[in-house]
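Scrolling down, you'll hit the structures one after another.
The following pair of complexes shares a single chain, chain A, combined with chain B in the former and chain C in the latter.
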Partner chain A sequence: MLVMGEVHTGLLQNSGEIPESSARDVLRLLAGETVRVSRRPIAYAVSPDRLTGVDCRLPAASQSRVRGVGTVVSRSSITGGRVVQGSSYAHVQRSGSDRRLAWSHYLARPGVIEVFGKARAEDLADGFTEDPPADCLDLGAISARFMDTVQASPLLDRRAPFKIARARLRWVARTGEPAIRLTLHSDQVRTLRIVHEGEFTPAVADLCEDLALHDWLLTALLVIIERARVGGRPGPEAAAKLAPAVDHLLHLWMPAARVDDALAPFWESLDRRPGFTRQWQSLVDRVRDQVAVNTLALLSATADAGRRRQ
Partner chain B sequence: MLIFAISDKGGTGRSVTSTNIVYRHALQGNDVCYLDFDFGSPTAGAIFSVSSVARGTKTGGLHEYLRGDCAEPRRIDIWSESDREGLRIKPPGAGRLVLLPGTEGGGELATVDEEMISRCVQLFSRLEEEFDLCMVDVSAGRSFTAEMVLKATVRLPAIPFRWLVFHRWTRQHIIAADGLVTGADGLLDVGARVGHDADMLRDRIRFVRTAVLEPDAAELVGLRDEQRAWLSACDNDLRELARRHKVGRTAMLGKIPLDPVLQWREQLISDEDVLASKIANAETTAAFDDLAKKIVDDSAWEGL
Partner chain C sequence: MTSVNATFGEVAAERRIASAPFSHVSIELGHLYMEDFEAGPERLREQFRRVAPWVRSVRASWQDRVPGRRARVSTCFLIDDYFSPFSTPAELVPMVLDAAAESDLTIDYLARESSCAESDGVELARLVEDRLVDDPAPETNGSRPPVKETGWLSNGARSPQVGAVQAMGKAQRWAPPVQNAKRGHSIFVDVELWDEAAGRRTWSCPFLAAVWQLLRLGLLRSEGRLPLRPVPREDAFPGDWDSLPAVVQLNPAATPFSAYTTLSVLSPRFLPVELAVRTILSQVAVDADVLRQVAARSESEGVRLEEELVDRISYVFT
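Coming up: the complex of A and B.
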């Protein structure tokens, strides 16, 4: 019917970025299995998938009671030794039975939630992307927990270079004529609707995680620039407020780094409109220009002071 | 940083003072949040002038969150949801100001279990990621709430925390404030029992005097000389008493002068209240401003 997922993205609670070996250790806490790591074009480490069993109501826009039983797939990841993500998703399918089966049945279908009775995919998609009610399946709570586990690791010093909110991206994917729509809601919530060709594969979830990562980077950079109040305070102070962006964020922009070729057009279409990379580039230029202008001012002040001494 | 606001007795002005401190801290450019852990009477919404949660929220309150009835407590952005027009515009350069309201009709915690402590740890640790300062209003007196946050902070060794003990400038309040910190089942006693180092904990506790009437205050100009002399003698006695109870100047972080606005209507005091409508005194906002800086100023928190 459809796949629903939620990705939470935030700043790793450590003073600096962590090396690959630490990322492996931090993510290994989740299970005894190996952590997958890739180094190009950006360091990326991801924990093994874990399952969470659920038997609960699914959010439906029509408020109709839809019960789903099955498992949710979740994982945590660290990108660039700096950004943490907790991601969960589940494939919603119609149950062949009209009552709950033994758990062995659901465990044999990891990441599948079977729904009983009449449920329309569109109804569930709307219900999930509009704020889901409290007593329904809450993929966000599961993803948040997967982020918490990483953030609470004793290997991290918890002295993050700046404060920043986590962002949540709720997504639904269906099969059909390709289309993508990203909507920004409050400061922290985004929803993404994808219609893709062919069967669902985990590559779609990878795409959503990649979009969530870049959306968070963009949001974080905007927040840092707003806090710097360029023009509203002396140049050196503003430049100092921009420094964390230079130290920790600017090098992390790597759009579609881990996106399957077949899905790359989705990224490209979002990059055309609203224009992720264009906005990012203009913000990066602004930060660098501010820092450069401030450096020039400092140099000229130093030169003046030198001349006066002579 | 986590700041816990507690008082020996009710009616000390703890909530109104701590809300004004976070408000000033936000105006100084920091992202702040206020957690209403005063479960018996969650009225922070009223002080922030958010009428829909004036007595706590019906859904998603902190009480519900700690009981495990919701995954995430409700947040209210004061700059956009306050009913006071003067608060609804975020001043340039100000940080975020977010209220996490208590549950309407929630009631004091009757016990603290392991689940609650871990939810509390999770909440503090998530908020610490995004806010420069989290002010937690822990209610008056010895409570399960105080015990819960003491236990939670033991498990978050890397997150800095401080305690503010609010008391009025009277004999009974001075003695009670000391008792709340050093007495049996007081902060140090319970803190040590749950795993805090008593000396380190002591260094993280400071007192704030509320509703202070200085002998040389403008309000006292009309008094007879005898009255003024008597007040001055009382003040000296209180100073001596405070010193003996180690609630004196060295352990004091600041004092808030008596202000009619705080006495008659608990509210945030904006600059407009001082400069435009002139209902509040400039000394009051100056005291809040000063406290808002001192709570994060390490030199004000050096060992006693």
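Coming up: the complex of A and C.
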């Protein structure tokens, strides 16, 4: 019927970026399972998938009571040794039965939640992307736990270079005529609706994680620039406030780095409108210009002081 | 210039899952504990006499399922060297083999129970414990981590603690435990997975038996590799259990140790243990890639496997 997921993205609670070996240790969430790591075009490490069992109401916009039983797939990842994500999703399918079956039935279909009765995909998609009621499936809490597990690792020093809120992206994916819609709700919540051709594959979840990562980067950079109050305070102070962006964020922009070729057009269309990369580039230019202007000012001040001494 | 299709791969970014060779069925001819050994060789002979007809019958039924080909049936025998080690391989193994031969049975593989806990530095029991996905009670929506009684696993919701005083000061009344997937009435099962004394963990017999079933079904991997490979026997059996490989291949002509399905021929006294084993196995999440691999493999030779792994396991209690 549809796939629903939620990705949480935040800054790793560590003073500097962590090396690949630490990322491997931090993400070892399952004995006997390798942490997958890729280095090109950006360092990326992802934990093994884990399952969480659920038996609860699913959010429906019509408020109809839809019960689902099954498992949610989750994982944690670290990008660039700096950004952490907790991601969960479940494939919602109609149950062939009208009552709950033995648990082994659901474990034979990892990542599938089976719903009883007359659920409509559109109703569930609307219900999930609006604010789901508290007693309904809570993918957010599950993703938050996968992010917290990483943040609580004893290998991290918990001295992040700046404070920034975590962002939540809720997504639903369905099969049909390709379309994508990203909506910004509050500062921290976004929803994404994807219609893709063919069967759902985990590559769609990868795409959502990649979009969530870049949306968070953009938000973080905006926040840092806002906090610097460029023009509202002396240049050197503003430039110092921008330094964390240069040290920790600017090199992380790598759109669609791990996105399947077949799904790349989704990224490209979002990049045309609203134009993620355009905005990012203009912000990066702004940060660099500020730093450059400030450097020039410092240089000329030093030169002036030198001339006066002669 | 025409466009060029570039492919780039990183070994560390890809998952590799070793595939296991498979028999059609793995038959466990027996499970030997100290008390059986102490009862003398006659107890063992009697066990094999009871088992023999079932082995013939299972072989024949698999032969019907794969007409024109040879049914691949492997047999195995498990010795408890974990809870109460006894005797030595040099003394015990020949005796077991002789007793089996009297009933025209061949033991293809001999395994040590302690290898289900740990073998060659791989803690198989931990590996399986990490893959338990608890059967959720109704109203479990993921907002809180699963409720766990450390070291226990159940198939439902436990009774609230009798006598516990709630915030309002009213003592809670007893309520029955409830099986999650009950049909009318509950059969609530709560299994102890392990206990600890002086910092040392002892896995329970049903938990090790669950690991044993997963090994026989070829569904476990450690870092993508097969955690246990049978080692061909040497001419003489060693004088202590630790020197014996985890799984010894006694019959050079045997079909593979792991199999699409398993059959265990057991005394009815093991019934509660096996109920516990099934309760555990119903909550083990086998790797999705491994499940697909085994399904593809069996389908390629025209064998359709049950989806749920507990349905691949059968028993004869005799």
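In this text, the second predicted complex is superposed on the first by the 306 of 310 C-alpha atoms of A that agree within 3 Å, B and C clash if a C-alpha of one lies under 4 Å from a C-alpha of the other, contacts with A are read in each partner's own complex, and residues count from 1 in each chain.
Here, contacts are C-beta pairs under 8 Å (C-beta built on N, C-alpha and C of every residue); 3 or more make two chains touch, one makes a residue touch a chain.
Treat the numbers as computed from the prediction; the structure is a model and nothing was measured.
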Next on the checklist: Given the alignment on chain A, is it a clash or a fit between chain B and chain C?
Outcome noted: fit
Next on the checklist: With both complexes superposed on chain A, which partner does A:102 reach: first (chain B), second (chain C), both or neither?
Outcome noted: second
Next on the checklist: Once both structures sit on chain A, report the angle chain B, chain A, chain C from C-alpha centres, rounded to the nearest 10 degrees.
Outcome noted: 100
Checklist entry - Between chain B and chain C, which makes contact with more of the residues in chain A? => result C
Checklist entry - Touching A:289 in the superposition: chain B (first), chain C (second), both, neither? => result neither
Next on the checklist: On the A-aligned overlay, A:138 touches which partner chain: chain B = first, chain C = second, or both, or neither?
Outcome noted: both
Next on the checklist: In the overlaid three-chain picture, which partner chain does A:56 touch, first (chain B) or second (chain C), both, or neither?
Outcome noted: second
Checklist entry - Taking the superposition as given, does A:166 touch the first partner, chain B, the second, chain C, both, or neither? => result first
Next on the checklist: On the A-aligned overlay, A:13 touches which partner chain: chain B = first, chain C = second, or both, or neither?
Outcome noted: first
Next on the checklist: Once chain A of both complexes is superposed, is A:130 in touch with chain B (first), chain C (second), both, or neither?
Outcome noted: neither
Next on the checklist: So if I take every C-alpha atom in chain B and every one in chain C after superposing, what is the smallest distance between them in Å?
Outcome noted: 5
Item to check | chain A positions touched by chain B in one structure and by chain C in the second | outcome: 134, 138, 141
Next on the checklist: Could you list, by residue number, the parts of chain B that touch chain A in their complex?
Outcome noted: 29, 31, 59-60, 70-72, 92-93, 95, 122, 125-126, 128-132, 158-159
Next on the checklist: List the residues on chain C that touch chain A in their complex, please.
Outcome noted: 8, 10, 12-15, 122-123, 126-127, 129-131, 133-146, 155, 180-181, 221-224, 227, 281-286, 288, 291, 307-311
Checklist entry - chain B touches which residues of chain A in the complex? => result 10-11, 13, 134, 138, 140-141, 144, 148, 151-152, 157-160, 163-166, 227, 229, 232-233
Checklist entry - What does chain A use to touch chain C in their complex? => result 30-34, 36-40, 44, 49, 51-57, 69, 71-72, 88, 100-105, 107-111, 134-139, 141-142, 145
